[in-house]
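Shared between the two complexes below is subunit A, which pairs with subunit B and subunit C, respectively.
Our next item is the complex of A and B:
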């Protein structure tokens, strides 16, 4: 399709959320948006999709993936040369809100780019949904002006350089002691000590500067992140090498405890502010993407409350309420996601993989109850628990569901609940006494008669 | 430095080496002390900002993610709302939600040691440790209130009373692997006692009692408290029957 060629494609997660670049952060989104350009025939047909603004791109995703032929695509903000302010006129009050921006395209008009001979075309964004287009426009302008993508390039190309130049991030101290041992004799001991002191003073100063007020911290954020990383590394290496002080150990263990949960961070959590009316829908998709790893660690089934904690931890200050989480989970039925919410009769709610679903468990129970031994004596919940590797209460739950599906039948005796394979479907109503040569019924007869 | 021969020279060199080493150690110590000090400042400042400017931070997605990164790196909990008047009175605001997340986190982190059963008092102390800045502000009652907010997410998290103590159970019966371990233990004799479970699996008494009680409720265990040694025996007909009854049949 033309979309694939003209605009760079966007990778989507299994639940249909865009995969963001490193350092890219989602800022706002609008539903039912058309992108059109009259001047350019090669511009793809992008009708009623979800428009997501990030710090780096404008991402357009078709709203219903099955009906449209165009793939999700993105316009890099770096290719935008101008954003027109929205016209206020009488007509605009009745039509769908729209705003326009100028996009530079390569000379042959086949792709986005700002090479030599590139020209500009005007692209119109038509907002047909109910979203707040003014707020989106404001964010769009802000993100475009912030030019975050440029600083990325600088950092990646000269990361080693910038550390030395900026200096205030405590300079080249990471190798401080190690290199100083080599230069000990040449620079003189007092020289090293002076250098150390200068370094600490500058760190102190930059800390003071950064934490004057919120604006100062915002402008120095990047530097502070680097400093934080350095402190962390030193702290960790310090605790490894010096096993003396107890305070160090305490710090280390605390660090570990937090690492455990905070390591999987969500850089762009879906919030009510960015997603507006699509909040629960987008939250639901993000949760489905996120929950995959914790679910794997927990072995396919995880308590909903555990997810509440881990998910909120990954979101940082953007807490969601238990009610929102529950709603997000219950929306999964509508999307094609690999996870599902399961409620037990006891009121416990868990999230499980669809592959971990009943069918697979039933199949395993069936093989369990058709072994010669168990054909004769049946199985109890604890037998099932031990063979399936799950808790007895869960096993009982599975057995009861299997019973209600007609796979098992129960026997209540002084030994307690025992379950047997249900042979009734095997028996032919027209010939009650005839036994087929093969099948479970025949195996059962063999097994039971052998024991007598 | 010119190398001088003889024992005196060697002694000098050794002394110089010692001096250098001493100095190096000193510098290293000062360096760690300084770094700790700076780290403390960094942490407390971040905590203060998280509390004061929460709404401003949340408004700017790009800065928010950087702020979170800083918090993560130096180990600051970005959840630090004060209880405030309205939270105290009506239970609204972020305070109880944040507390809830912290409580679940502590339960998760300590689960390998205690099997998802934690004393409310211990839990409360750990929460206070987390929220160093307003030490003492979080009471057991606050914890109970925060836990009750989690009710919406199903009954997997509950407060149970064992004797005078209150315990918080974070693992629902359906996901509790403790029961499997008891069943395995019971396979040897067909029964277990509380003491045996505690000793063999090195659990706390609350954990063992709770697990055995659940198994009783589930109908998997039968209690026998009339034995000569006066200790309750928990019999598991379900595990013993296969081996014993089949054995008897043969």
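Our next item is the complex of A and C:
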């Protein structure tokens, strides 16, 4: 039986990220996970997939989407009636880590549900990968206990209000960072608070991460070391006083802590923590989904720096470092996504649609430089930027590429750096005074002589 | 069409990129070729034998479009002529360049023809007479660069067509033809 019939299917984006429900927040990830149920023959075969825990669901995605026939599916946390504590036995030390939970299924055993006559079956999660299954289990339990899905009903009933406040339109089904209206969705206050909470729990590790990232900085700036020490002390005292201090105080120092981390340019360790080794992979897929709209607006090519700004703005508090962005982009080669990273000869890096063709840009540039005005005086990068509707830095890259293809040639003078249509191939070296009757050279002569 | 003195300039002399050294290989090759032809043509018609890179040279700037060749570009174009044997650097610092719109061999042939035309097969002439004597007036030898003339004469000496002998000073070096 196909998974989709028993478990609700999950819609995936073009880059293979699950489409999240409104207000749904991703909490943790595990790779190479099997889901199995011995009691229930109808339970689908879910072998070696990526298991994503959100505030609402357990989402299972096949790891190589093209080869398996099993579709991505989800178990609503609301259908889970009990989570068993992991058994600590001698056997568990050698076998793959596993934990079990109880799932309520409809009376006929053909679907998840809690209607009348429903019964419970036990589902086992087998972790075959290297992920931290204990941490995952902890978050799984937390998310289940938090029952965030119940508060959704309240939020959506006052949808006009929630749109104003959080910007997440109720009933939006596009997921990710966009609502169905195409506007940016923010995680909302509850999301931020949850992340803060998680950050608390990972203070030790986040500190280690922070110090690793700081190594390079330390060698250069002594102040950085002092700052890092301060951060460390703050964190340590925070952990010790965690039980005694009031929640407000904790939140305040946490906020301060995060401000510091952000001010020294460290990527939010929480996100790295939730996704672990899968961090860049997931970031890469999310980014591929995200750049679709900025790319459309920018005409198919967008500067990496611009993406960095827009993407971080959309992520709100969980900023990513430039290195993370670069790494996420370079992972695209491995996935089937419609965008690609491109490096120009000058070193400038851009993101462009795979379907974007240079030929089209060259054709537009060619038309631009063969107008009578530009034949006479050439074009600068900013002229091209205005006409082509792209950023000047981008326009310059296009002009330089066109130059290297022999379409344009340059003119450097006190007036600046300008490009002209390349006339050199048109001129006959054996008859420098002869001009072909028809051709761009003749057109150029006509255009220039008209002005003098 | 634009003119430089009585020299007719090609249309592309008003093309601004012509005055900027092009970085793209194919484009630059064509640009260098066009400059080589223009320099040789200009020097031939204007009887210019030496181009000083640091001096004003009318061909290297175009006041109409307000463009001037950079030092780097001048050196690149002249070096291209040197590598073809149509020019020679006169110093190591590449500040002066001898332009050979006739190669030395061609100049030697011109001298032989001049000697034959004037019936000087067995005569003696000073070097200065060849450059500015009445016989050479109106020929290509009139006003020829001394360095080039001496190189051509030495070539002929090696072939046994003449003998160069020294006078009391550098000015009155003499040539004894024996064709």
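Points worth noting:
Methods note: the second predicted complex is superposed on the first by the 240 of 452 C-alpha atoms of A that agree within 3 Å, B and C clash if a C-alpha of one lies under 4 Å from a C-alpha of the other, contacts with A are read in each partner's own complex, and residues count from 1 in each chain.
In this section, contacts are C-beta pairs under 8 Å (C-beta built on N, C-alpha and C of every residue); 3 or more make two chains touch, one makes a residue touch a chain.
Small disclaimer: the values here were computed from a predicted structure and weren't measured.
Shared-chain residue A:424: touches subunit C; no touch with subunit B.
Touch criterion met: A:416 reaches subunit B, while subunit C stays clear of it. Of the two partner chains placed around the shared chain by superposition, subunit B is the only one that A:396 touches, whereas subunit C remains out of contact. Contacts of A:305 after superposition: subunit B is touched, whereas subunit C is not reached. Look at A:343: by the touch rule set out above, it reaches subunit B but stays clear of subunit C.
The wider contact with subunit A, measured as residues touched, comes from B rather than the other of subunit B and subunit C. Once the two complexes are laid over each other on the shared chain, residue contacts for A:25 go to subunit B alone; subunit C is not touched. Contacts of A:11 after superposition: neither subunit B nor subunit C is touched. In the superposition on chain A, subunit A positions 414 are in contact with subunit B in one complex as well as with subunit C in the other. Subunit A meets subunit C in the complex at residues 378, 403-404, 406, 409-414, 418, 420, 422-425, 427, 429, 432-433, 435, 441, 444-445, 448, 452.
Those residues of subunit A whose C-beta lies close enough to touch subunit B in the complex are 25-27, 55, 146, 148, 176-177, 181, 184, 189, 192-193, 196, 200, 203-204, 207, 211, 214, 217-218, 221-222, 224-225, 227-229, 231-232, 234-235, 238, 242, 247-248, 251, 254-255, 257-258, 260-262, 265, 267-268, 271, 273-274, 301, 303-306, 308-310, 312-313, 316-319, 321-323, 325-326, 343-344, 346-350, 373, 377, 380-383, 385-386, 389, 391-394, 396-397, 414-417, 451. Only residues 20, 23-24, 27-28, 30-32, 34-36, 38-39, 41-42, 45, 49-50, 53-54, 56-75, 77-79, 94, 97-98, 100-101, 104-105, 108-109, 149-157, 170-177, 179-180, 183-184, 214-215, 218-220, 236-239, 241-242, 245-246, 249 of subunit B touch subunit A when the two sit together in their complex. Residues 1, 8, 10-12, 14-17, 19-20, 22-24, 26-27, 30-31, 33-34, 37-38, 41, 64, 66-67 of subunit C are the ones that touch subunit A when the two sit in their complex.
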